[in-house]
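Each structure below appears as structure tokens.
What follows is subunit A paired twice: with subunit B in the first complex and subunit C in the second.
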Partner chain A sequence: MGRSRSPLLRVFLSVPVGYLLAFVGFPVVYNLVASVQKVTVGNIADLVRPFVGLDNYVQVLADPAFRKVLVNSLVFVSVNVVAQVGIGLAVALFFAQRFAGAHWMRGALLAGWMLPALVVGALWKWIFATQYGLANYALQSLSLAIAPVHWLSDPAVSLISVIVANVWFGMPFSMILIAAGLTGIPQELYEAAALDGAGAVSRFRFITLPALGPTLLAVACLVTIYTMRAFDLIFAMTEGGPLDSSNVLPVMSYQFSFQRFQFGPGAAVGTFAFVIVFAVALLYVRTLGREAST
Partner chain B sequence: MLTRLLSVVAALVLSASAASAEPKTVTLWHVFNLDTDMIHGGIKAFNASQSEYRVEPRILPGPQIAAELIKSIAAGSVPDLVTLDNPVVASFSAEGTLTDLTDRVGKSEAVKAGVYLPGPWASILWQGHMYGVPRDANTIALYYNADMFRAKGLDPDKPPRTWAELRAAAEKLRDPAKGVYGFGFCATQSDEGVFQWLPFLYQNGGAIDKLDQPEAAEALQFWVDLVKNDLVTRDVLNMRQYEVANTFMAGGTAMVLGGPWELPRMQTEAKFDWRLALMPIKDDAKNIRASSLGGYDYVIPKGAKEIEGAFRFIEFMSRADILKEGWKTGRLPPRTDIEVPDPQWRQAYEMYHEQVKTARARGPHPQWPDISRAMQTAIQEALVGAKPAGPALKDAADKIKPILVKTPL
Partner chain C sequence: MVASGFKTAAEIFANPPSLVPRNPTLDSFIYVIGRENIARYLRNSLTIALPVTAITLVLGSAGAYALSRIRSRMVDVALVTVLLLQVFPEALLATPMFIIFRSLGLLNTFAAVILATTSRTLAFALVILRPMFKQVPIELEEASMVDGCSQLQTFVRIVLPLMRVGLVVVGAISFVQAYGEFVYPLTLLSAQELQPATVGIYGFVGAEYADWHRVMAFATIFVLPILVLFIALQNKIVAGLTAGALK
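Right, the complex of A and B next:
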């Protein structure tokens, strides 16, 4: 296979590269530039604004809420990845069994994922209401709780509540991708292992998991990127409150820019989110490259 | 042949001149999605009454309109007319992004400075110039469930008049067996929570630039005690005003703070004898009547194409007959010279009409969102029990001081 690049190839490549530069590269650069400027409602239309160096970053880092928000984001993302991939894997394995209605039920699970995030947020806000919500009603009927849990108004619990809602929301996505990965594993491997006397757990450990390795990594990276961006659901459920206990980087960036009209700090918060996602994406691409070369 | 050519040319010329007489489009962005709001009838009537301008509306969700305006300013293509929530107008006017309307108002017959309520008028001023025209005014008052009052032995014709009476009534009305809370208010981490707490601050003689004084701490402690004693649910930390009103309409809360914008829904959803009362004063010693001012202002962004058309529409919407229509969705005229004859929800109208006279504007201050956020944090810290009311407000005062030093209230 020749390594020479024909001029026609360059022409074809320039289209996606141009698209990426314009719609992905430009906003990132714009955000980076805005994060070192003093940007107000008055000068937002301009490109050249007063340069303030790292003042915006200093302001953000000094904000006591920011530390909470950064930790929240990291906790929110890691728990979501583990839960969504773990539960997605379990559900995908379950539906891989042949039983009546398996395909139909798997499709029905996807319905939750197709709802707009704002609707899911509103739905879970209703479920988690202290007085009249379904969650407390269920807990009290099953005698699992003495007093009603303040799912969304207790700072100690609100992050857990938004995590639960987001896991419910995103798990079908992981499940479908993992289910697709499962179909790629040849049945003969399982038959051979069963003949050799391997039990279900051994078959899972030594056949399924290694074969699913790349798929699981890909799903984990995608879920990381999606949950780093999670905005609508949290905004609808708690707006990041109470006291920023369920606040995450995208919501904080929005609050700085569009509620407090401080676009510089808003851009700085956005940069933090970008760096984290960039690092994860880099790891993913590197690992993919290593997988492909083995 | 020649006559045919001439008639074609004549037809073209005539159609061209008719095209030049086509009305100029005035783009209006507003937030009023109830179809009985005065703005819908107003737009139709304005468009029908003249052929020079044609208003084309676009409805946006309330919490998003400021963000959309910012995006349009950034893109360099602004609408001609926008309705903004009154406390954020100063953030836009102080940055020079709104058209100065001082001269137009000076010459106007329909919009005269002297007739507006002081709160709404203050919200459109910046350094002595006018950057908008108030559209409507509202405030909060006390909704109470008269049926529940009767059931618990309270006189529904004598609603709570003071903070102590409010507390006592809430204690009597609280019914844990039925899941009914005595009182409810909004305490979210947003301007809505501050909006509902400010009347208590003012009624105790406090002020936003004096949050480290005992008057402020007492006003917040009143709320803290209500939540601590389970008279108010902790969920108020996460309930917006309309959600608090929902619990009232569903019979889950006996008394709530709310505005007249709830009235259209109250009429259909609340299946009991609901009434309004003025905000209770602190006590007879501190007899200060106060509430928070809400309402929207018309603003014309800088760089709008049809400033004249937009202002004509503002003047049209400022007509007395149109402003009286505003009450159909619970919007009071922002003026002292207009009363609504034979209003819907008469008892509510009388209460709100009286209350709005003592409603105080938030700001105007270009950094109102930051001032508000400092107070939001203090209110939530105290309600959650993270800090006592005094220290929480002292922290808020420390955050607000540098902002006010730069630009006084």
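Right, the complex of A and C next:
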């Protein structure tokens, strides 16, 4: 078609793509370049800087704090993926029952997801406050805890606290996507299976799960991508502390660059996060492509 | 959270805590409005979020239209690029953003935060809007061009009005994203009088001890526009998100 080569469409396409390349593509490349350079406050505006090979990576890898944060990130992301997909699936099945008020309850859940991450972080910081927080009050009134738990200031607990908050925050989105996948399963399959004598459990096991497979994979990829991005929530709740116990890669990279002015190591930490996110994003794009072609 | 804004200090720190305030009071709201410059914070948030929404809609609809009409390998490459570009954590892009805007002389301006934030909302808008534009029948456009409209006129007068719903949804989500943006204002604006409400709230809760009823009053006022938008558009937002993430 001649029309598809029209100059107008080309302009329409190139302006937004150019914008994204300038404001996302360039920063990504800049970050990769900076991770193999010696970057100081003095030369930060230049692109040509002393090349130091993998020194920044060596320095970062030798740092016990970094290894802790890398493990934290992996735990944070994987628990979030499992919990958000698992709970999201359960809640989606629950709402698929179509009972009175389902619409409103679902709306209320999703409204939480629309809130800015920073506000959600502030809210959970309050819930988890040691002295006057809701969490400790609930536990103590149910006699599940004798002494108040230091949710955010105990290094053994802080990671769990930010995970709980993030699962609460992200789960509604997973639920909505899974619910969309559920509605795509033909009802006749269930009826046929029921006629053949399949119970609720085996209907779920042999119809729902296989049919939802691609959706669940796509959702798991998206949750990974969104969770790797978590900054606001953790920053508001703990700033990664105490002693990096709830720290994750993006927060650590920020701290290197903006609080300690060690831009090279900050960029190197960023590269680790980039690689993880990029790999998952490729998997996601492939999943979508396969879904579209089937 | 909303409930807590109506509580008194004594009740917030009471044991047992109450879900519904016993003596609802507007004190916290009055305090917050009077003392913490919330009007300025909110004005700054809006000054950032509204232009982001506008730019996102203009560039997003143009780009998504082109992506839906051009058929070539180039488009596939552009689409995957857009998909991949939206996954990078913004906290990791903050340093390069800082450098870019420093060399442009835009540090401590709203323009910097607006441009940086748009890079997030734009990719998202392209992904969500493209399938919607695909549904506009090409025959409509051909008819309009036969009638003597240029392609630009066709786009503005015929295609865009058909896309009203999609544009409202994308506009609403972009607004919510920009309104709640934290990392870019935190790193690009050091002047306090320019900072939006997210940074203001962060300053509030950063301390180990916080006046929670006042924080919650502030947060309640802050999220009010989001909740209104959401309640008005709930079903459409759900449909838009699902389409964008899974197609």
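We take it that the second predicted complex is superposed on the first by the 256 of 294 C-alpha atoms of A that agree within 3 Å, B and C clash if a C-alpha of one lies under 4 Å from a C-alpha of the other, contacts with A are read in each partner's own complex, and residues count from 1 in each chain.
Simple rule for what comes next: contacts are C-beta pairs under 8 Å (C-beta built on N, C-alpha and C of every residue); 3 or more make two chains touch, one makes a residue touch a chain.
All values derive from a computational prediction rather than experimental measurement.
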First, second, both or neither for A:F258, with subunit B first and subunit C second: both
Subunit B versus subunit C as contact partner of A:A129, first or second or both or neither: both
Touching partner for A:L195 - first (subunit B), second (subunit C), both, neither: neither
First (subunit B), second (subunit C), both or neither touched by A:A147: neither
Most subunit A residues touched (candidates subunit B, subunit C): C
Which superposed partner A:A62 touches (first subunit B, second subunit C, both, neither): neither
Partner chain in contact with A:I44 - subunit B first, subunit C second, else both or neither: both
Which of subunit B and subunit C A:A100 touches, first, second, both or neither: neither
Which superposed partner A:F231 touches (first subunit B, second subunit C, both, neither): second
Common ground on subunit A, meaning residues reached by subunit C in one complex and by subunit B in the other: 44-45, 125, 129, 131-132, 258
Subunit B residues touching subunit A - in the complex, by the definition given at the top: 66-67, 70, 73-76, 91-92, 95-97, 179, 181, 188-190, 233-238, 247, 250, 252, 369-370, 373, 377, 380-381, 384, 386
For the subunit C and subunit A complex, residues of the former touching the latter: 1, 4, 12-13, 15-17, 59-60, 62-63, 65-67, 69-72, 75, 78, 80-97, 99-100, 102-103, 115-116, 118-119, 122-123, 126, 151-152, 155, 176, 179-183, 187, 198, 201-202, 204-205, 210, 212, 215-216, 219, 222-223, 226-227, 230-231, 234, 237-238, 241-242, 245-247
Subunit C contact footprint on subunit A (complex, rising order): 1, 3-6, 8-13, 15-17, 19-21, 23-28, 30-31, 34, 44-45, 107, 110-111, 114-119, 121-123, 125-126, 129, 131-132, 134, 137, 141, 173, 176-177, 180-181, 215, 218, 222, 225, 228-229, 231-232, 235-236, 249-251, 253-254, 257-258, 263, 266-267, 270, 273-274, 277-278, 280-282, 284-285, 288, 291-292
Complex contacts: residues of subunit A adjacent to subunit B: 40-45, 125, 129-132, 150, 152-155, 158, 238-244, 258-262
